[in-house]
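Chain naming follows the written order as A, B, C and D, and within any one chain the residues start at number 1.
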Amino acid sequence: MALQSLDIKRRSATTTPPPGVRKSPEVAKLIDISKCIGCKACQTACMEWNDLRDDIGKTTGIYDNPRDLDENNWTVMRFSEVELERGKLEWLIRKDGCMHCGDPGCLKACPAPGAVIQYSNGIVDFHEESCIGCGYCITGCPFDIPRISKKDAKAYKCTLCSDRVSAGVEPACVKTCPTGAITFGAKEEIIHHANGRIADLKGRGFANAGIYDPEGVGKTHVMYVLQHADKPGIYSNLPENPGISPMVSLWKGAAKPLASLALGAVAAGAFFHYVTKGANEVSEEIEKEFENEKR
Amino acid sequence: MTNHWVDIKNADIVVIMGGNAAEAHPCGFKWVTEAKAHNNARLIVIDPRFTRSAAVADYYVPIRSGSDIAFLGGVINYLLSHGRIQHEYVKKFTDATFLVNDGFQFDNGLFSGYNKEKRSYDKTSWGYQKGVDGYALTDDTMQNPRCVLNMLKQHYSRYTPEMVSRITGTPKEQFIKVCEMLAETSASDKTATFLYALGWTQHTTGTQMIRTMAMIQLLLGNIGMAGGGVNALRGHSNIQGLTDLGLLSNMLPGYMTLPGDSEQDFRAFLEKRALKPLRPGQMSFWQNYPSFHVSLMKSWYGDSATRENNWCYDWLPKLDKVYDVLQVFDMMHQGKLNGYFAQGFNPLAAFPDKSKIGGALARLKYLVVIDPLATETSEFWKNFGEYNNVVPSKIQTEVFRLPSACFAEEDGSLVNSSRVLQWHYKGAEPPAEAKGDAEIIAGIFLKLREMYRKDGGAFPEPILNLTWPHQIPGKPSPEELAREFNGKALADVTDPKDKTKVLAKSGEQLGGFAQLRDDGSTACGCWIFSGAWPQAGNMMARRDNSDPSGLGNTLNWAFAWPANRRILYNRASSDPMGKPWDPKRKVISWDVKSGKWLGMDIPDMRPDAAPEENVGPFIMNPEGVARLFGTDKMAEGPFPEHYEPFETPIGTNPLHPDVISNPAARIFKGDIEALGTAKDFPYIGTTYRLTEHFHFWTKHAVLNAILQPEQFVEIDEELAASKGIKSGDRVKVSSRRGHIKAVAAVTKRLKVLDVDGKKVHTVGIPIHWGFKGVANNGYIANTLTPFVGDANTQTPEFKTFLVTIEKA
Amino acid sequence: MKVTRRKFFKICAGGIGSSSIAMLGFTPSEALAESRRFKLERTLETRNTCPYCSVGCGIIMSSLGDRGKNSFGTIIHIEGDADHPVNRGTLCPKGAGLLDFIKSPNRLKYPEYRAPGSDSWQRITWDDAFTRIAKLMKSDRDKNFTTKNSDGMTVNRWLTTGFLAASASSNETGYITQKMIRSLGMIAADNQARV
Amino acid sequence: MKNDKDKIARFTPAERVNHWVLALTFILLALSGLVFFHPSFYFLNNLFGGGVWARILHPFIGIVMAISFAAMFFKFKGENVLTPGDREWLKHAREMFEGDDSHMPEAGKFNAGQKLLFWLLLLCMALLLLSGLIIWRRYFSNIFPVWMVRFASLLHAASGAGIIALIMGHIYLAIWTRESMGAMLYGYVRRAWARQHHPAWFRQVNGEEK
């Protein structure tokens, strides 16, 4: 395999542009919640493909198992029972996992060069061999996705099966999805497909059906079709207007060069002060005074 | 399934009732989502629980578990009273015009001929009026009050929307909305499909629930149509195949039956089964029964089977009664069985009333378990604390546990729900010393045969003369066995119309069941599978998935029985004149030019039977048409009637309080005493499967154990509040037969129903846990279920029983 | 310590020098962005059918090894067969987890025997198992086989041993099982179809 | 040297050891902290055995620094109380940097600049400790809401940059003010030096001596 296996758009903690002249087509995964039956096939296929096995846990009286994302669970189903109209129950099941943002907060926050990579096809991938385990990606993520492993203290999350995609096959979750709730392809075509789905849902009385492809994170490469796009929060707290937190932007944005400059300025100031003014020595009068005293 | 998985995409209305396709058959359910996406179909889910299927339904309707006949009978009443039926279809393709015997009666919950002591019916009055020529009488004007359609109308006139709502707990408006949606498909260019599974079969009235739905499909003209049909979504990967192969107590391969004690005469045995047409010109396909039967006996007993010895007729065991599993385990419990084999089957977990099953197994002298996994049954004698509290030293059963290969470690074929036989290939060796199933059977049989050959014993002839044509006798190969059930010519088989034309040379594989003969010149182990491995090779391994019609009938993919036909009764997809009811979904039609039935499927009709001949599309029935009137085929009556579950939460039957439950259902004496009442056990218990697990297997698979690690039960919020139960609490669920403890899941997906003026709660009990496996150990859910079965299939009533619940 | 002007300059120079050395020498070179290697590049594919429900999904099993004489193939991955007209490559959570059924720690590996009253298993050979089972069957059948019923009718049945057949086993297994049990006159036979 | 009549004691051995512990931990923290701060400093990870070690060590060293600073704080807090004279001192600080200290009010043991540094260091240290615990992913971050972790990250970076700047100044001034280094290295300063830079303190010590 070539050293540089995919075309890179962004590389964490790297100040110069990575090799990124070549453009692979932008891909996207669409999760159509109106078609999802919450069977967890995607979860299983993900674990199976990526050779992950979590501990066998306990049930807490809900269907969400495993309870949350972690280093062994890169995607989980989140079930919510919602009654928007009295007596009209909806069981909204959202597959949660990395959204593969256009402007990834994890990448922005990551201090380790090359630990987070955004390929030109849109996939945001973690490279655990470069990861130092600081957890800044978690801090940076608007969707609360990455997790640090308790075993090796590396950050893990959905890779959108970058290994499969680079070999020309769809991600494992997409391939397995029994109802076709998860689809994958060129982003442009996927959006066309999503629009068809939305039209179908509107025809079935879901006036607010829509696509979830938030601008605030530079749009995403994992998108949802929501029956109630006006209320993303009912889908187990899907953020309404996700974006990289201003605190993270400041911390990993302006603060970095400004503070570095400031420190440089302090150093330079001191240096030139010394050069121009010289040392602060005991004055000659006092020296003399003490010399005399001694005598 | 009369139709097949992919065909669901052609439906306009999909009804899931008595099943939960999304949960239990997610990959088949895909075709429902395809119907919605590409055929603008509407999905209706009718279920006591808001299931995963309901999560993506257009319309969800709650119903009380076990009251489906009331609901469906109400639909029949709606369709008939509003005239929303496919009139021409009903008139020409069903027995609507047939006249019913005058002796036939229905009165206050009982049909004519009931015998209370025997809990069964004398069915002589359950038939059509017959003319002197032996044919059934009809009234094409349908004015005669005794004609089936009028009898039907009368029978279901009691099933008013009010009555339906009172029995089922379904709000009246919701019931009517379903009726209206279904009625749309009475149009000839609209079809509905019904998908069902164990949610119907596991009731004491299960078979009749299915029949009621089939009657609706006939009234709507949906059978034989692409996107229509009666579609049983079977539970296991080869439950269809094993049923096809007759692995049921009273069956032989290909839905042939074992003789009863009284059938001492071979001729009479055949004649009873080779049904003569009930109307002129009908195919009555079972007339070929002798060919199928004789070929089977030639396949099993080879040269020993001769015309002189009636093809070894007496070597077949005869039945004095049906030995279904409830019967057998009841006998075992009484100490009447000594030995038992469980091949890939876990009866301790799978059968009702676990303590009775455990007690029964403990009375055996020997138990042989053949399985890839360590099942509960194989360790029924071991103490697992509260989950299996037994004393090993008191159990004298010798137990053998033989490790078998799993699917990945063998070649062979499985029949899916679409009746498609698909060949699979071995990808790895079995672990350590495990062996393939056929090798294990051969190992036991050959030892036994050797003993009989050496020492003699009781009736050794069938054992000594059973054909065993295997290159390596101890290791019969799947190819050899598949070729055997396909059948071969023992002498040249010629065309009956032209004796000079040889269809199959002696020794060649047969091309299909049409080549079977009753003169001993053909051998065939399972007539409906004939054609799976003809002289040309293994049809089950075909992999051409092309679909020229776009309707999804991939005729060159593997092999479907019968005769590679994908949609049964497909003659009914065209009108009496042979023109498709709906040109957009033409399955077959009459081609005037060639004088043949042609289309995108193998015609379910004599290929040259011109429409003018009036050959009915239901060729297996001697009437040639479908039966709205069930004649004597069902145990509890020709028209389905609502009977309460044996453990009923309302304690009465609003239709006829004197006859509450199914008068012909399977129940044994000791088990009547073990039934609970609503006074002590006020809630409906219902058992079911979760999509993350497969029965009791996947608790052995780490991935699935991760997805649903621990036993739980589901209850509605109102019940939870009244008992002070919160999600995550441990609760104890008890029935008259025992208790289980599990984690509570409090959910909006279960609702209180208003039934006959009472508030009825449902406690949902997923079944997948036990005391063996990598998931957390749990109780066997069938500790709770009653030992009572359906009147026709004897399937236990796992879906409705009474329980109570408290915090553990 | 007295830091002279000269000393100060030395310190500054040293600091810059050592950090430059770190920049030049110590920083290890890294691949910029390799994606994980595709694990099926040279695996052997075998087509099979999912053994769980009756949809009959096509699956592809990928195993290590190329069936060479010295290679013990082991299945490392299973996914849906995209050519299959019903599942079209998809698998449900049960099918997607098939690998863990094949590899379950609870797979049986050896024939075992539990003696009457015992609380444990003991390993036996296949031959011992077959012989012992056949003996038990024969003694039961010889003792309890019914040739004629009380009315003198020929019935030729054996009611005291029963058989539950596996509805996940192949047709071929089912067929040979059916053949055997009926030749023995067994009637108390069933499969999961009626449960 | 101790017996040198020409010198007076400025810091005890314990104070000096603690100062240098603090100084050393600070340098390690600054270097490892910069690793995470800006890519151009990432190479510094090699001083610690790689990025992972830098990530592991940084917070533990931080704890040591916090303890060390706490000790220093309790030791010197009395001598760092700002007085009205200090305000005057600060007003003239600029002239002093220009080389003219003729208008400087007399400084005690610590001059106003040093006192200011002391209190600023306390502020930075407290912020660093609190925010550092919140962003310590291994043990604590998961118990805090993400907005708090984000805020703490920003705060930690800001106070880290601040403290580095302060210490850079501190080091420079120690170098610029000839012979002050000796006070922290050997504990003694020349009387002349004390008279020059901390006249009030000089008088106080002298008075005590007499």
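Definition applied: a residue touches a chain if its C-beta (ideal position, glycine included) is under 8 Å from a C-beta of that chain, and two chains touch if they have at least 3 such contacts.
Bear in mind the structure is a predicted one, so any value in this text is a computation, not a measurement.
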item: Per-chain Cα centre nearest the global Cα centre, belonging to chain; value: C
item: Chain separated most widely from chain B, comparing mean CA positions; value: D
item: Centroid distance [mean C-alpha coordinates] between chain B and chain A, Å; value: 49
item: Intercentroid distance (Cα basis), chain D paired with chain A, Å; value: 38
item: Mean-CA-position distance for chain C and chain A (Å); value: 35
item: Centre-to-centre distance between chain D and chain C (centres being mean Cα positions), rounded to whole Å; value: 64
item: Residues within chain D bordering two or more other chains; value: 175, 178-179
item: For chain B, residues contacting two or more additional chains; value: 26-27, 30, 691-692, 702-704, 707, 774
item: Touching two or more other chains - residue numbers and ranges from chain C; value: 3, 8, 80, 87, 90-93, 95-97, 99-100
item: Sites on chain C touched by chain A in the complex; value: 3, 5, 8, 12, 30-41, 77-80, 82, 87, 89-93, 95-97, 99-100
item: Chain B partner contacts - residues on chain A that touch it in the complex; value: 34-41, 43-44, 47-48, 53-63, 65-66, 81, 83, 89-91, 93, 178-181, 197, 200, 203-204
item: Of chain B, residues touching chain A in the complex; value: 22-23, 26-27, 29-30, 33-34, 36-37, 40, 50, 52-56, 58, 60, 691-692, 702-712, 726-729, 743-749, 774-776
item: Complex contacts: residues of chain D adjacent to chain A; value: 6, 35-42, 45, 50-52, 54-56, 96-99, 101, 135, 137-138, 141, 146-147, 149-151, 153-154, 157-158, 161, 164-165, 168-169, 172, 175-179, 190-193, 195-197
item: Interface residues, chain A side, partner chain D - complex; value: 13-15, 109, 111-113, 130, 132-136, 138-139, 144, 148, 153, 245, 247-248, 250-251, 255-257, 259-260, 262-263, 266-267, 270, 273-274, 277-283, 286-287, 289-290, 294
